[in-house]
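Please find the structures below.
Two complexes are shown next, each including chain A; its partner changes from chain B in the first to chain C in the second.
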Partner chain A sequence: MRRGALIHSLVPLLSSLLAIFGAFLVGGVFLTIMGKDAKAAYMLLATRALGSSFGITETVIKMAPLLLVSAGLLIALRASVWNIGIDGQFLIGAGAVGVVAPRLAGVMPLFPMLIICGLTAFVFGALWGVIPAILRVRYGLNEIITTIMMNFVAIYVTSWLVKGLFRDTSVVAPQMPSIPKDWRLPHIPLTRIHVGVVVGIVIVLFLHFMFRRGTFGFSLNVMGLSRKAAVHAGISVDRLAILALLLSAGMAGLAGANDVLGVKGLFQGEWNPAYGFTGFALVFLARLNGLAIIPFAYFFAFLLFGGEMMARTAGIPVFFVEMLEGLMLVFFAVSVYFERAVLRKVVQE
Partner chain B sequence: MQITIAEKPRMETKETKPSPSVLEARGITKRFPGVVANDNISLLIRGGEIHTLLGENGAGKSTLMNVLAGMLQPDEGRILINGAEVSFKSPIEALEQGIGTVYQHFTLVPNLSVVENVVLGTSRGMTLDLKKAEEQLAIMQSHLDMAVSPHEEVGHLSIGWQQRVEILKVLYRGSQIVLLDEPTSVLTPIEVKELFQILIRLKADGVGVVFITHKLDEALDISDRVTVLSRGKRIGEVGSHELARQERESLSRKIVRMMFEECDLTEVHRKSTVDFENQRMCRLNEVSAFDDRGTVAIRNLSFSIRAGEIIGIAGVDGNGQKEMAEVIAGQRRISDGQITIANVDITNKGTAAAAHAGVGYVTDDRLGEAVVPTLTVAENAVLKVFQQTPFSRFAVMNHKAIEAHTRGLIRDFNVKTPGSWTKLGTLSGGNIQKLLLARELALRPKVLVCNKPTHGLDFMTSQFVLQTIRSQADEGMAVLLISSELEVLFELSDRIGVMYRGQLLEIYSRDEVDRETVGRLMLGIKS
Partner chain C sequence: MDADRMLVFTSVLLGSGLVASVPLLLAALGETFAERAGLLNLGIEGMMLIGSFVGFLAALNTESIYFGLASGLLIGMLLGFMFGLTTITLHVDQIIVGLGTTVFASGITGFLFRELYGRRFPSLSVSIPKVAVPLLSEIPVIGPAFFKQQVIVYSTWVLVLIMAFVLDHTSFGLRIRAVGESPLAADAAGVNVARVRYCAILIGGGLAGLGGAFLAVGDLSFFVPGMTVGQGFIAIAIAMLGKWRPRRVFVGALLFGILRSVSNGLQILHINIRPELTLMLPYLGIILALVVLAGRTTLPAALGIPYQRGER
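What follows is the complex of A and B.
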């Protein structure tokens, strides 16, 4: 029995790792076809991103938005609510902070200002989830489609606002006013890492606990596993579906605040980091497990940073990393298939 | 081994000459974690014979069938066809050797036609000669007296007809042995009779029919040979001579003894009368509701159940019984009328309000709705109460309290499970039902709605469930018992009503009605 439990927890981890390995392998083949030295490129990725304190610092900084986005996806996917609108909610949250933060800077102390900014981003991100949530619950419309569509609306709405109403007219480029340095997210002492990472880790850990022990997390789990059973048990599934989508969207908005307040210092036109897809790859590879999300977030941040490095020094397109992520999902699907076969065999023994 | 039934010469009857053995299993053993599902089982299945595998749920019937069908590989033992040893790695290999299986859950594509379903997977080439297939199918159909258009979409057919398409499918593939896994469990009594006629025709054509059931009456009705399984072992066999010559009564006693060697059989006792002074616990007033597709499912239902009373609802499946159960449990909105539980109005107030007012609901959709099979036994045990103390405090679940509660339910209801934190889906249907009943009764309901509480359960578990319901009613619970099995209803109910096309035709006191009347009403025939 104990051996069985061990296998049940080890095999999924192994298959996730195998998916990553497979993606790198096929990615290497593509690099070779492109005429690049795959081995050298990967070495560069490893040494630059892992081998230097600069690389590690940058990677950790990049973890923050990934953690927050993953937290949002974790809530939604556990409840079987498919929030594909992460990118739109992120932009709306970022845009809201881009508007609010410069106006609050200097008016009040840093701490309450950051709290207000975080709440604003959360609320605006969540607002972007309201329409899909209502459409799903009241009219039975699939949230996959509506959330995707809301992404496009978000891109153009923020782009319109940054070029119009909220434009900083003192500069040529379309952008909102920048936030003074002292009014951004403070750094962890002795590092250049801002506290967004800490917030992200705390939230992910909290969610992990919530899904393990919390009644709210349990309700979401039950609904995600069997909607019929949830209805039967007296869980109000409509209310939960709305909550899951709004919380998920709010987290995406919070990720937007993190990038504006911690990294960029302002909201720029045409800026769209599109963490949504990375978030999906990450959360699936982490098997919707809160604890696993943290190391996987580090790994994906490492890929993002390493990708930039490779682009700069080895001339490999930044899209290469996105391709790797895509390959990981493909290999993940394959390895889950084999994993089931392995586990079935274990059960039969 | 192509079967073209019409042209095939009939097999000699077994009185003149024993039929050749077709399929033989020798010493089949199959183990699953913690259980030996088949323990050294040997079996001889002859062509031209209906061979029944009889046993309780969990006796090992389905495992044995899956081994013969190539779905599972035995740990020990051999399978022989006409004396030659074979081994199947998959159901396809078994099919190629002439062993076809009709599973409990059909393997048809609902939006394909009958003929398309029948040929599906048989053609290896690029082209599909449906015309030829249709002709062949027509011969088989007329021979078996199965009149259905080959172009009918399978999804539009009744369950009984879908089953016949499954049978045609395996015959079309040339099966000489047909395995049927609990084929009668999904059928109405009339459909069962029709199925039996088909099986008898197959037998006459020399096909070996393996009929799996846990219903003794069916086994005696149709079998040429009955093999009794219990707890994974082959207990004994009743051959054709005995079946033909002995009286049904003594045969049935003999087989029951085989099946329940170590069990004592007790009758469910019902209380004779209900005190009419008792409070009306559940009251429906002119209740109407729609089904999932938006058509009227129940119409102007009015009745009440007193404390301590069991009202049985008879009816052919799909006449609004499920919807009736769901409106009382608060799971389905009603379009008209009023529902009160112990004088509390719960009309359209939802599941939680109904449960709070005192409704317990044992649904017939055990795995799909009542529980989450991928969660643990304990999590399922508190599925309806996890938000209450002591199972959670300040929104945090208290696993110790949950485990203690679950252990109590497991002990009191004799649920067989490795532990509280085992995945529920690994338990047998009977044990899941016991847990379910335990969970609902732990809510201390004033009104218990049971929809087919014994469906698919073995004899012992059925008796346990019925006895539990009766004793709860004797302590003052009001019970609505929905079932399509008249035996159950007459055994337990104080009053019996019949649902037909969404309406409650009549509610009789049990003593003033007989099965025939109720049976006729179920079919909509008013005396």
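What follows is the complex of A and C.
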């Protein structure tokens, strides 16, 4: 029996690792075909991003938006709500902070200013999820397509606003006014890492325990596993689906605030980091487990940073990381198939 | 604003709308077949993008538009086959594989394009000649818009009729619908569920690839990374709005093709409106259309659910 329990917790981790390995393998073969030195590229990835304090710092900084986005996706996917609108919600949240933060800077103390900015981003991100949420519960329309459409609307809306109404006219490039240095997210003492990472980790941990113990988390789980069961248990599935989508959208908005307040210092036109699909790969590989999200967020942040490194020094286009992520998603789906076969065998024994 | 210019505007809007609708139509027709058979292909966006890239590359190097289109079709079918391999044979999650395919496609096309051309953006020197239909092309406004087009535009109209016929009046069409509504019953009746689904996804992937190739080769004559900008997802929505009936899908594709060309049309009128506002029209339009027409769509019952013999 103990052996069974061990296998049940180890096998899922194994299939995630297998998916990552498969993606790197195919990616490596592809690089070799393209006439690149795959081994050197991967070595570079490992040494620069893992072996240097600069690399580790940069990676940890990149973790913050991924943690926040993943926290949102965790809520949504646990409840079987397919929020693919992360990128749009992120941009809207970031844009809202880009507008609000420069105007609040200097008017009030830092701490309340940051709280207001965070709330603004959360609310605006969540607002971007309202239409898909209503369409899902009122008309039974799957949220996949509507959230994707909202992504494109967000790109054009923010681009319109940053070039028009909220443009900083004192510079040539289309951008919003920049936030004074002292009014951005403070750093963790003795590091260059801003506190966004801490916020991300706290939220992810909170969610983890919420899904473990809280009734809200439990109802989301039930709904995700079986809508029918949730209805029979007296859970108001519509309200819960709206809530899951809005919370998840709000978290994406918060991630936008993180990047504007912690990294960029302003909202620029044409800026769209598109963390959505990275978040998807991350949360699936972490098997919708809050605790596992933290190391996987490190891994994906490492991949994003390493991708930039490889582009700069090994001449490998940054698109390579996107390729790997796509492969990971496909391989993950496939390895889950084999995992089920393995687990079935264990049960039969 | 004078009446003449208004007529030119309408004619150009309809004409370029018609051309812009072709990729949407092809992809949505393919998705119609796939979804009718129970497969939700979210990789369609990626299949279009790869179709664009491969089609463009082939057309650029052979200086043949038709070779480009054929390459798009073939690569789309290959991708459809891969999608089938994972979702039909291995019964894995269609949404994850579909999204993974789309992400992968965006990565690999961007990578290869950057490797091959760096920051240059070559464009095709060849284009498909336009053929005027006698008499019909003489009709004012509509004539030049609809009846003075590339041959492939006309052939998509024929394709719509063929696909509608296949779906409604052939045993293959019946099998596709049966497999999408109740694979269990179809299996019991002796239909090879997997084979029918493979056929449907080959059609779906092939048409997505062809649509993508037309976008790059027939419509725009260039390729840029990420150029499909969500058209695959729009195609899914069009298939849904058209209730998986080819003729309605055609109407939907035309409508959204026209919405896509509004920004081009406005230039003729010299109306100065920010491009962002017109570019977002198709996406807003899809949401609006879903709101208006929603509630009246019924999904194929087995959509998205892998079929495994002996399970439930």
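Just so it is clear, the second predicted complex is superposed on the first by the 349 of 349 C-alpha atoms of A that agree within 3 Å, B and C clash if a C-alpha of one lies under 4 Å from a C-alpha of the other, contacts with A are read in each partner's own complex, and residues count from 1 in each chain.
We adopt the following convention: a residue touches a chain if its C-beta (ideal position, glycine included) is under 8 Å from a C-beta of that chain, and two chains touch if they have at least 3 such contacts.
Predicted model, so just to flag it, every value in this text is computed and none were measured.
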Which superposed partner A:Tyr139 touches (first chain B, second chain C, both, neither): second
Touching partner for A:Ala314 - first (chain B), second (chain C), both, neither: neither
Contacts of A:Met149 with chain B and chain C, given as first, second, both or neither: second
Contacts of A:Val222 with chain B and chain C, given as first, second, both or neither: first
Which of chain B and chain C A:Ser236 touches, first, second, both or neither: first
Broader residue contact with chain A after superposition on the shared chain, chain B or chain C: C
Contact residues common to both interfaces of chain A (with chain B and with chain C): none
Chain C contact footprint on chain A (complex, rising order): 30, 34, 82, 84, 131, 135, 138-141, 144-146, 148-153, 156-157, 159-160, 163-164, 277, 280-281, 284, 317, 319-330, 332-334, 336-337
Of all residues in chain A, those that touch chain B in their complex: 1, 4, 213-216, 218, 221-222, 225-226, 228-229, 231-234, 236, 347-349
Parts of chain C lying in touch with chain A, wherever the complex brings them together: 42, 46, 86, 90-93, 95-97, 99-111, 114-115, 225, 229-230, 233-234, 236-237, 240, 274, 276-277, 279-280, 283-284, 286-287, 290-291, 294-295
Interface residues, chain B side, partner chain A - complex: 32-33, 329-331, 350-352, 355, 361, 363, 365, 368-372, 374-375, 379, 383-384, 386-387, 392, 395-397, 399, 418
